[in-house]
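Two complexes come next, and they have one chain in common, subunit A, joined by subunit B in the first and subunit C in the second.
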Partner chain A sequence: MDAIILQTLNGLDKGSAYALIALGLTIIFGTLGVVNFAHGALFMLGAFCAVVFNRLLSLSYITIDPTQTDFLGNPLKVETPYVIGWFGPEAGQAIIDWSVPLSILLVIPVMGLLGLAMERGLIRYFYRRPHADQILVTFGLAIVLQEIVKYFFGANPIPTPAPPAMAGGADVGMLLGFPENAIVYPVWRLFYTFFAAVVIAAVFGFLQFTTFGMVVRAGMADRETVQLLGIDINRRFAVMFAIAAIVAGLAGAMYAPINSPNYHMGMDFLVLSFVVVVVGGMGSLPGAVAAGFLLGILEAYASLDAVKQILPSIDQIIIYIVAIVILLTRPRGLMGRKGVMEE
Partner chain B sequence: MLGLNRQDTALLIIVAVLTLLAPFILNPFPEGSGLATLNAGYPDLMQRFVIYGIFAIGFNILFGLTGYLSFGHAAFLGVGSYAAVWMFKLIGMQVIPAVLFSMAISAILALGIGYVSLRRSGIYFSILTLAFAQMCYNLAYSVLGNPNSRFNLTNGETGLQLTLDDPRILGVQRTPDGGIPVPNFFGIEMRDSYDLHLGDWVFTFSGGYYFAAAVMLIAFYIAIRIFRSPFGLMLRGVKSNQTRLYYTGINARPYTLAAFVISGTYAGLAGGLLACMDPLAGAERMQWTASGEVVLMTILGGAGTLIGPVLGAGFIKYFENIFSKINDNVLHGWFAFLPDGLEDFMVTLVHPFVGKGWHLTLGILFMLVVIFLPGGLVEGGQRILGLFRRRKAPPPGPDPEHHPKPTPHVAE
Partner chain C sequence: MSNSKFTRRGVLRTGAATGAGLALPTIFTSSAAAFTNEPKGPNVVFGFNVPQTGPYAEEGLDELRAQQLAVEHINGEGDGGALNTFSSKALQGNGLLGKKVTYVTGDTQTKSDAARASAKSMIEKDGAIMINGGSSSGVAVAVQALCQEAGVIFMAGLTHANDTTGKDKRRHGFRHFFNAYMSGAALAPVLAKAYGTDRRAYHLTADYNWGWTQEASIKAATEALGWETVATVRTPLTATDFSSYLAPVLNSGADVLVLNHYGGNMVNSLTQAVQFGMRDKIVNGKQFEIVVPLYSELMAEGAGSAVQGVYGSMNWNWQLSDEGTKAFVKSFGEKYGRPPSNSAQTCYAQVILYADAVARAGSFHPCAVIEALEGFEFDGLGNGPTLYRADDHQCFKDVLVVKGKENPKNQYDILEIVEKTPVEQVWYEPDHPMFAGGELGPCNPGE
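Let's look at the complex of A and B:
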């Protein structure tokens, strides 16, 4: 039983990453009709925003402390991060420790601008070209983004720690009536699931309860009519692209402590996210989120020891099998709408 | 000749001459000169040119003719390699059965995957093939490759290798001096090579390269025949308007499935040849980035054209092997004629794009091709030729009112 709960939690945090990426992919697909193979790269860029933010905060100035000497007898050079200089030792250190959550401040503007630039500078010219061309150009863009990151940050994963307050484990079992230390789970991963839920709720709320969101939904349903009403829907769709990029970036930044960022992490997630989108139903936002969590949890259950004894290594392929079965039995996916992407 | 029209015969002959003379053409710079880094005439790389050429030709039969973009072709390449290595282990070091077996296995796999994936088209098809390929990769990497289980097909992370204890029932288990025998074609070992010294130049002829080149020429010839056949026309019909085909009462599925199987077989052949040149097979050959690579080759060269994929394959493999060798020392050598400051500046400027950064160059180049030259290098070449020929009357373009002419399949 405790193993099942543990795997459910595992599935939830993996599923939240899938859900966030798939949500962004679906927004782009539902609004612009573009298949974005560079979305994994956006996820990766988000994670590297966290790395950059951490480094920015750790920028230091060097002072010479005459009271101390190093082993050669020279006065000791002390490096003090600027943040500590400005905010005092305690607040400054706290800011550095909390750099990953705080990197949201960097992620939102950077990813938003990048998304806008991508849409206005590149994707815009591909609306009328075949889907194959869209896949290819975004695939090329993904390679370019990856290689740029690799050039600046190297090929090795860069460990990015969670805040110390969230670095340990939480005894989840205690809350559910299990004996002490039966189910201990890292706090940061729990927080990640919570964070994903907040982001997803924010996106849905934005689409559901604002005028802007209403217009966007109308545009997704019937683009031409909305344009006939004199609304510049393309501009709003461009903003949605930026929002999708921000969502991917946030997912990546927050994932940095779980999986140290490296330049190809996006590609690894991208394939699975596509499967998630297809299973959920192309163009369906709730479908993408539901399928993300569903497949995440399914993958986690498949790695239970009891399951593995019957079907060895099933956890490696379960997602693909499920995707193939669903695509063949329910071609539109779990919640796909009629008429979207049907040739 | 050989059932081809004049233009195609000329193309085939040009390709044949170029491949046979490749050891000369690819080594234009004398040994030891500053530009010798750019020489590509060593057997290992030339083999890769022709083998990946086969892979891309096969991919083009599917993507170029039917427009179905498969993102999972590396699976067939990998399976072909595994099949060939197994033949080496069980039967002997003759390459013919190994290559035939890898073609057969990958054809069967392609039949299965194609039967399922071709139920959907467009982006769904791409994602289905991607999912299948990734599944095959995971199967090969961990599920079927557990060294401790009795059913170890792929040997997991280490990759499948030859050992001295393999049965090799029709061949020798070990060479007279106790080593593992080398794949051979009726006695010509794939590793055999002969160096020809002409002045400062060194040209290397290798048995493996000429074997692979011969296979590629056959594959290329078959591809031309497919392109010009009624079957090829039908596949083009699928690309231009599948619905119209359905309305005329033609079920397009068998044709696309046949194209899928053919291109999967080509990929298996390429994989088998890779294993012949170097008898080991690893799962990384099946990763989806490898599928992406063949897509890059085909698009870069020009999808839907005969020669494009071969050009693209050669281009990418050349860059992969040559660009990645250029380091700062070589750059300094090249820019030595510039004044000092400018030299350093040029080296800094070029540095991110060569050596380890060649992928960046490839990505940028690929994007530029997709954006500005959807027809790839071939279209680029045609445009340049067109600039010179502008004076003459423009060639008759495709007729907008063109309707598919009835083919023998449907005429009666």
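Let's look at the complex of A and C:
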């Protein structure tokens, strides 16, 4: 039982990442009709925003400590972060320790501007081109972004720890009546699931309850009619691209303590996220979210020892098996709309 | 009717004579070249085949730095580094047999097919006479076989699988780096001393030849000391989130987690294991422990504070105090501003060892170089007295057991040397079951 609870929690946090990326992908596809293979790169850039923010907060001045030596035997250069100088050791260190959650302050403007720049500078020229062209150009863009990040940050993963208060494990079992330490789950992963739920709710709330969101939904349903009403739907869709980039960026930034950011991390998620979108139904926002969590949980259950003893390596293919079954039985996916990608 | 003076017989005769004439220079050339890529001009070309892209690109970059430094030292530039402490004095710092050493580089991408393609290109297009580098056993085995076929020498970089000098060994391949068996033999007694002999281990293993041989080696070594192996679980090399593999560990009854992972796999699995609270857990009345049998400084840097207190093994470490290490670290540190990794050191040593073998043999002929390297005993390159065993082309030297430092003082102060395991303890016979099968085969001069 405790193994099942652990894997359920595991599925929820995996599913959170899948759902957030798939949500952004679906927003872009549903509004602009673009298959964005650079979306994984946006996730990666979000994670690197957390790295950059940490480095900004850790900017240091150097003093020479003659009592210590470096690896070459020279007097040691001691680096002291400016924030520690300004706010004192405890407050300064606390600011640096909380750099990942605080990096949201950087992620939102940077990813929003980047999304707008991508849409206005490149993607919009491909609206009327075949999906194959869109895939090629966005995939190429993803590779360019990856290589830029590798040039500046190197190829090694960069440790970006969670705040110390959230770095350990939480005794979830105690809450459910299990003995002490029976079910311990990383606090940050629990927080990630909560954070994902908040972001998803915010996106849905924005689309559901704001005038802007209503216009966008109308545009998604019937773009031509909305334009005939004199509304510049393209401008709104460009903003939605920026919002999708922010969602991917937030997902990446908060994921940094789970997987140390590296330039390739976006690609690792991209294929899975496309499977999530297809299973959920192309263009369906609730479908993308539901499929993200569903596939995350199924993948986690398939990792149970009891399951793998019967079906070895099933955990590595379960998502694709589900995709095949869904496509055979419900070609539009779980909640796909009629006419999307069917012409 | 044609007035042509050509006859069918005449055309055939002329064609045959022309063909023979055209073929003559090739025949002379072939017989004149005694072996593949025999250097004819003022330069001799080395091929440095390292991962410049992909997950091990940082290792590759460090290897390349060391290889460039070795070339400088062979050509008499810089401070000479470990040439000053090397026991063999055949290299004079004036090039190699009167030629200047130059080099070309290739990108293995940590993929066997890409590594073979880049090595092939360096041999066939650039005339490389020796290939060095690599950060993966899959790559090493593939390139080693290619070099055997092509008739050039392969001086392996970072490759830790037993197979490289076991079932996949080749006459043209040489490994300075230690192997998984040696890691197990060095690490197990230290683990038994630190954690006791009544332990239950759970292995997570990267699913390729290096992971398999390391798992087998560590399992055999720890079981021989009384540990029980609860489970061995294979993880895909492409995995980044190990949470679904880590969750079952918590309910398995194991009190030690052995991570047979390297590179990005190791960084992620170790970091995530610590996040799951494993270092704080008490199981079977004992503190839960994590072991990473193969360490790299660059990877340890990536894992940050998660490595603190975690045991592993290394081929070499820049903190060693022997003269060879000091000379190499000084030379490398002054040029690049950071201490070298153990993959850099093995590549540096391999380039120097190849050049030295050429100088001692007085020839670039691969068979002469192989003869000079086989059974060669040396010192002063940083690992203490070392033997290049003739039977399998594996170097035998002391092995380091290291531990993540609890209170690091700077970004390079990550690992501390716990023990220098003497070579006698990691020694094995060439017919050891873990290295069984495969033959070195004959020397192949190529051409």
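Keep in mind that, in the parts below, the second predicted complex is superposed on the first by the 327 of 343 C-alpha atoms of A that agree within 3 Å, B and C clash if a C-alpha of one lies under 4 Å from a C-alpha of the other, contacts with A are read in each partner's own complex, and residues count from 1 in each chain.
We adopt the following convention: a contact is a pair of C-beta atoms (placed from the backbone, for glycine too) under 8 Å apart; a residue touches a chain by one contact, two chains touch by 3 or more.
Here the structure is a predicted model, which is why all the values come from computation and not from measurement.
Chemist: Figure out whether A:Pro159 sits in contact with subunit B (first) or subunit C (second), or with both, or with neither.
Modeler: In the superposition, A:Pro159 contacts subunit C only.
Chemist: Report for A:Pro331: first if it touches subunit B alone, second if subunit C alone, otherwise both or neither.
Modeler: Once the two structures are laid over each other on A, A:Pro331 reaches subunit B alone.
Chemist: A:Arg236 in the overlay: touching subunit B, subunit C, both, or neither? Say first, second, both or neither.
Modeler: It touches nothing on subunit B or subunit C.
Chemist: Would you sort A:Val144 into first (subunit B), second (subunit C), both or neither based on which partner it touches?
Modeler: first
Chemist: Which of the two partners, first being subunit B and second being subunit C, lies in contact with A:His39: first, second, both, or neither?
Modeler: neither
Chemist: Check whether A:Gln316 is in contact with subunit B, with subunit C, with both or with neither, and answer first, second, both or neither.
Modeler: Once the two structures are laid over each other on A, A:Gln316 reaches both partners.
Chemist: Once the complexes are superposed, what residues of subunit A are shared between the subunit B interface and the subunit C interface?
Modeler: 150, 316.
Chemist: What part of subunit B is in contact with subunit A in the complex they form?
Modeler: So the residues of subunit B touching subunit A come out as 63, 67, 69, 116, 119-124, 126-128, 130-132, 134-135, 138-139, 141-143, 146, 149, 242, 288-289, 292, 295, 299, 352, 357, 359-360, 362-364, 366-367, 370-371, 374.
Chemist: Show me the residue ranges of subunit C that touch subunit A in the complex, using the header's touch definition.
Modeler: So the residues of subunit C in touch with subunit A come to 53-58, 61, 231, 236, 238, 240-241, 243-245, 247-248, 250-252, 264, 267-268, 271-272, 275-277, 280-282, 298-299, 301-306, 318-319, 329-330, 333-334, 339, 409-410, 412.
Chemist: Inside the complex, what are the residues of subunit A that reach subunit B?
Modeler: 35, 122, 125, 129-133, 135-137, 139-144, 146-148, 150-151, 267, 271, 274-275, 278, 282, 312-313, 316-317, 320-321, 323-324, 327-328, 331, 341, 343
Chemist: Within the complex, which stretch of subunit A touches subunit C?
Modeler: It comes out as residues 2-3, 6-7, 10, 13-14, 68, 70-72, 76, 150, 154-159, 161-162, 167-169, 181, 184-186, 188-189, 257-260, 262, 264-265, 268, 299-300, 303-305, 315-316.
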